[in-house]
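Below, subunit A partners subunit B and then partners subunit C, in two separate complexes.
Here is the complex of A and B:
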């Protein structure tokens, strides 16, 4: 494919901001529109933009395919582990098992302070969803960019 | 507003099917994806709109453009039509 100066300059200026926006979507996914999948795809499209403008070699110098493979697999395993820890601790698969928030909620519930208990449980749930979003974001970004890098390299 | 956006999606989809240049078709599919992103936003589903914008307009268009460049750009109007 013929490359022009416009594509080169725009890709180099734009892709850092795409990474930043993707990180914003991942980290604020529990309170505003966005989330792990959307942020991961935005990060991956930043990598794809680099690969289209500078060639797959330049993109793979920054994001080696072997490391992306490891990130993708580790993300899957960590996500499964985060779900199964909830089963072991007795809150169900992918239940909120953050111990500190749960203990605060239990203590407040025994006293009878339902407002504090609800607030503590909600704060704990937000932290747990943030953790899950982080894992999904890493996994999706690695997976989608790996698919496209492999496709572009082998053709 | 919803009907207008749906009508625009329909028109752009028909144009994408009828274009002789496959690169034009891919760009029109990207435009269709963008309009449906606006439709989701209008229907108060910003999460779905973000997914549509990222996957449909971003990654999907890139993959389709790559396929067009690796195969052929013109449509063969065969005798079976």
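Here is the complex of A and C:
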């Protein structure tokens, strides 16, 4: 199939905005509709658009398959590690250890003042969800684009 | 004849869906109200979907990431062969 210039230009102009929108979905997943899985798939669709319009080689020059493989595996290990840190800090597997750390710090600063401690914990609570969203976003983007790049290369 | 049976089947399915999915008949109203009332406080995520899948059901999400990892591994093994 012959490729036209329109496809080339549109893919080149559009894919950065797709990456940006994917990053937005990942990073605001805890306050607005979106999240790690959705944002990751949007980022991956940007990579797939590059691969389909400009060839697998152009996409792999930006996102080498070897590095995507590493991201996919490391993402899973980091997710597991984020859960195990919760066990070490005493909030349970995949417990919110950001809030726990903030409440301990606030309790040390204001001895006995539990209201301030809970307020500090609530203020920092969404950070753990943000961290998990970020890990999942990277992992899903690497995984989905890796599947498609592998299949494109084969055909 | 066949048309009548089809319409009858569609009507039965529609009736089933209406009774099951209507707000008053939703299975577990207690669970829904609990999540709506405590979700933001418990997990810190304003988006309640995120509150469920990364807060209350983080184990489930861990399993989903394993599924993705296995899917990628499977595709790469099958294609390389």
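As a convention for this text, the second predicted complex is superposed on the first by the 135 of 155 C-alpha atoms of A that agree within 3 Å, B and C clash if a C-alpha of one lies under 4 Å from a C-alpha of the other, contacts with A are read in each partner's own complex, and residues count from 1 in each chain.
To be clear about the criterion, a residue touches a chain if its C-beta (ideal position, glycine included) is under 8 Å from a C-beta of that chain, and two chains touch if they have at least 3 such contacts.
Being a predicted model, the structure only gives us computed values, none of them experimental.
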First, second, both or neither for A:25, with subunit B first and subunit C second: first
Partner chain in contact with A:52 - subunit B first, subunit C second, else both or neither: first
Subunit B versus subunit C as contact partner of A:33, first or second or both or neither: both
First (subunit B), second (subunit C), both or neither touched by A:11: neither
Which superposed partner A:42 touches (first subunit B, second subunit C, both, neither): first
Comparison of subunit B and subunit C by subunit A residues contacted: C
Which superposed partner A:146 touches (first subunit B, second subunit C, both, neither): second
Intersection of subunit A interface sets (partners subunit B, subunit C): 33-35, 37, 144, 151
Complex contact set, residues of subunit A against subunit C: 29-37, 69, 72-73, 75-76, 79-80, 83, 93-94, 96, 99, 122, 124-129, 132-133, 136, 139-140, 143-144, 146-147, 150-151, 153-154
In the complex, subunit B residues that touch subunit A: 46-47, 49-51, 54-55, 58-59, 62-63, 66, 69-70
Partner subunit B, residues of subunit A touching it in the complex: 1, 25, 33-35, 37-38, 41-42, 44-45, 48, 52, 144, 148, 151-152, 155
Residues on subunit C engaged by subunit A in the complex (per definition of touch): 41, 43-47, 49-51, 53-55, 58-59, 61-62, 64-66, 68-69, 71-72, 75-76, 79
